[in-house]
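First chain A sits with chain B, and in the next complex the same chain sits with chain C.
Showing the complex of A and B:
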């Protein structure tokens, strides 16, 4: 029981990090970033490269990998997404699909598709931690939960209180009005992409330290978009309950069903949600009319 | 007396005909002769490539009706293909190998699935619909995966070649003719569908569903019709795929396959049958073209550099087309054609008739 709960929380944290990436980009530009999973993989490989460059110095390589992830987000916006302004939204979504393909090709080209363990070069270990109630989680499982919690607290504070965060919300609501009020919405969109890539990169950094690193990790991203949609594509707060819900269903279905069923369970959640409440648990209903 | 200033259609029959000018008739005749005689001078490898392109064209034409004409986005076309292939496999498992029965069963399964995916489209638009089709794709793959696991944990199903009244469809040449014929039939159907009432209704819905409803088009019915048309043809293509390969496995129908089909209609040119065919040929041949290019440029290249090169080139081309040439190959072709069309003195100038 405690083990199930703990596992659910770990999976939910991973999904929440990825889901935050989906929602940030969607709120800013109404584009669903289908490359979020590849941004996760990229974050993991940035860590692998940084750990190889600065062996035994996690204080350098961890922030470096996260910063490189955020920088990738800005570059993606400037090179790929900005030219798509004014094109149909679906074309922009397809561009994110091609971004995923390009990122994956680049990763395999540079790092090959061998399975890696970035932790080996970081001089860190991942010892198991017993929890009260007989459950066991690994250290980086706890790091994953902490990362997701910290990121969400930081995002809430940023969007609520900082002027830039308020500008970002304004640009997401009505980009035309926002630009008339002097908000540099290209800057805001670039920031949204940077934050999304940063969140995805963090997920990749922690996940690859915890489990393993290989190019096929991008399927995690596809599964996490179910979370974003169940919570409501335009609702950052909705990501958390949705992540817990989807993760719980997944963990339970692997326990009482089989691995194949647990692989597909996020998509079943997505389908059910689309049929009964397409705008998600906490999304706004008007969103449906805007796409 | 000459018709000055261009080519005019002067009868109803001329207006209805698909190939109107002499130039087009000649070009079509040459194309047909080349396709018919290709097995005489081409190697088995080339024939196999042509068969693959023809099969891809069937799927791309079906997707084009749904996405290009009716404007309903589907990220789940690999799921329809898988449904067709696995229906075939399920029938083989139960000892049913008669081709007409298989085709009918596939068409029914495809149609029902298309209806199931299409029903959410009555409420959902754009992105949300695309997500629904993507989720459906994963559900179909899950069912197929369960089936594969139940069948004894083997890696896939072996499918015997179809036989009807003593004739066995087997071998590269026979399959080349069969698949090219199938592509030609679907092409003809698609072109005719586009100029029919249904095709015009699809395009009206694509451009603005509210406006389409206000001129009396039953939006729900035509949306579902587009889904069913597309899914039936794609599922039949899945059966052809299963028969031709002789082997069906879940791994052959991943998300990337769906992306490839979308790439075909984007690179070819959304909303045109010609574009779907061109795009299918292009996307099918691209990896082999890159193989050949790598082999000539750097013969000793490591195997694992070839895969990312192919993958990356595919992604790059798709991105370039999306950003710079949304009309695809057809758009380029039209520009070239118009350039020649506007070439001075191509047509006899208008003369006052006396």
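Showing the complex of A and C:
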């Protein structure tokens, strides 16, 4: 049971990191970023490239990969999303779909389709860590949980306390008033994209260190999309219970039910949520109506 | 003035008629290949395409076969059945004398249907061999790939039995949620029981699983001493690594796809065994050096990924030589059904096909693992043979 709980927390942490990316972009700009899974993959490949460039130097490679991920978010906004201002939202969503396809192709072109393991070049190992109650997790399982926890604490503090965070919330919640107050919308949107890509990149960095890195990791983004919708697309706080719920159902279906259900369980959760509470666990009803 | 010009023109025309006509390029052997060159599954199949290109470039540079070049048209099916069907349609409607499939198993059926309809021989050169190549073979279906369903399980379970030294072992099975993998491991589960082992029901793993730990936990909780996995590489190695992470101390045997050599070296765990039909390039055979030097600069993959495609190209080469010129579809099918290919050590023995057996009369396996003392990959017991009947 303890092992099941530990695994649930690891999977939930992965989904929470990815889910945060969806929510951050949506809250700020009302755009569904369907390339979030590809930003995860890209983060992993940034780590692989950084580790190859600076072998045996994780203190350089890990922050460099995270920084490149955030920078990618800014570039995506400046090059692709900013020109979409004034166009219907669905056009911007289609741009994110295209972005995902292009990123996948670019990754195969640059890094090939081979499975990679960045830890080899980082000179790090991933030994098992026994937990109380007989459970065992890997070191990077613990890193995944710690990363998600730290990111969410930092995001909450940033959005609640920092002037820039408050501007982000204002731009998302009352865009007209915010614009009249002189908030720099493009700066806020670029920051939202940077944070989303950073969160996705962190997920990719830790996942590729723990499991594997290959161009097809973007499928994880689809599962996390269900998490973001279950939590409420405009609610960062909703991501956490939604991630735990979806991960728990997935892990429990493998352990005590039919393992094949695990593949569809995030979408079953989503379906149930859409039937009983379409705006998600912590989303706002008005927001849904506006959409 | 006019007369000399006329005479000169007549002279030129006469001379031109006397000269031999410019040499026409010999007509090629036209072959069509549908392969997962890109897409989610390309890692396992693109190397076959690359090996074919390198192999037949060398053959063509040396003058071709029977004086005719080999022209292979490659279609990227991305591992999608509908694309493979479209490629097969194109090949069967064109002047192609053979189709090659180097793609995932869901592409088999549409390509086989097309081959059957128009009576084009079909050679499987990248994915698992379909049962239609085994005795009694379908007249048009051939397979050069090192792995074949049922035979691989027999060898893996024989190995587990031989390693258990008379002790009753409990064996678990990790399949992927694709029909071929599930059917194979359900067969293995039954076979394990017949061999006197305790068989744990097959654990089926979705290929896109976000975490393999719960699946591994099921195998660990069931008390598996050994786990056998026969699936695409991601699931095979993913379940092993998850078992390793949660502290499982048993032995694991998987089918050694092209990635196995890299992964045995990376993981350095002596309880991971790779069952394979190809000699690993760590053995440094002359054929390995030959392939390595020939594909240099022509592939995105390491040379040892080429073994499967290279062997397949050798089979096609032998078939075309036997077929002669002109070579029709029917004649090539007959020629392939009688090839006896010296694999130069890439495999444990020759690939010998017969009218009834389009797989091979004898198949050979090696089992490799990491030896901590030697800090190297070693084979456990050398080549082992199975008669295909």
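What we mean here is this: the second predicted complex is superposed on the first by the 288 of 291 C-alpha atoms of A that agree within 3 Å, B and C clash if a C-alpha of one lies under 4 Å from a C-alpha of the other, contacts with A are read in each partner's own complex, and residues count from 1 in each chain.
The rule is simple: contacts are C-beta pairs under 8 Å (C-beta built on N, C-alpha and C of every residue); 3 or more make two chains touch, one makes a residue touch a chain.
Because the structure is a prediction, the values reported are computed rather than measured.
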- [ ] Considering only the touch criterion stated at the top, classify A:137 as touching first (chain B), second (chain C), both, or neither.
- [x] second
- [ ] Using the touch definition from the top, say if A:154 reaches chain B (first), chain C (second), both or neither.
- [x] neither
Open item on the list: Quick one: is A:275 in contact with chain B, with chain C, with both, or with neither? Answer first, second, both or neither.
Closed with: first
- [ ] Determine, under the contact definition given at the top, whether A:11 touches first (chain B), second (chain C), both, or neither.
- [x] second
- [ ] Answer with first, second, both or neither: which of chain B and chain C does A:112 touch in the superposed model?
- [x] both
- [ ] Check the residue A:225 against both partner chains and state whether it touches chain B (first), chain C (second), both, or neither.
- [x] first
- [ ] For A:260, select first, second, both or neither according to whether it touches chain B, chain C, the two together, or no partner.
- [x] both
Open item on the list: Tell me the contact category for A:3 with respect to chain B and chain C: first, second, both or neither.
Closed with: second
- [ ] Would you sort A:212 into first (chain B), second (chain C), both or neither based on which partner it touches?
- [x] second
Open item on the list: Let me check the overlay on chain A: which residues of chain A are in contact with chain B and also with chain C?
Closed with: 108, 112-113, 260, 263
Task: Interfacial residue positions of chain A with respect to chain B in the complex - done: 30, 32, 80, 83-84, 87, 89-91, 93-95, 97-102, 104-106, 108-109, 112-113, 222, 225-226, 229, 260-261, 263-264, 267-268, 270-271, 274-275, 278, 288, 291
Task: Of chain A, residues touching chain C in the complex - done: 3-4, 7, 10-11, 14-15, 108, 112-115, 117, 120, 126, 128, 130, 135-138, 141, 211-212, 214-216, 219-220, 223, 250-251, 254-255, 259-260, 262-263
Task: chain C residues within the chain A interface of the complex - done: 38, 40, 42-43, 46, 177, 203-206, 208-215, 217-218, 233-234, 237-238, 241, 244-247, 259, 266, 300-301
- [ ] Show which residues of chain B lie in contact with chain A when the two form their complex.
- [x] 73, 120, 123-128, 130-132, 134-136, 138-139, 141-142, 145-146, 149, 255, 259, 262, 266, 304-305, 307-309, 311-312, 314-316, 318-319, 322-323, 326
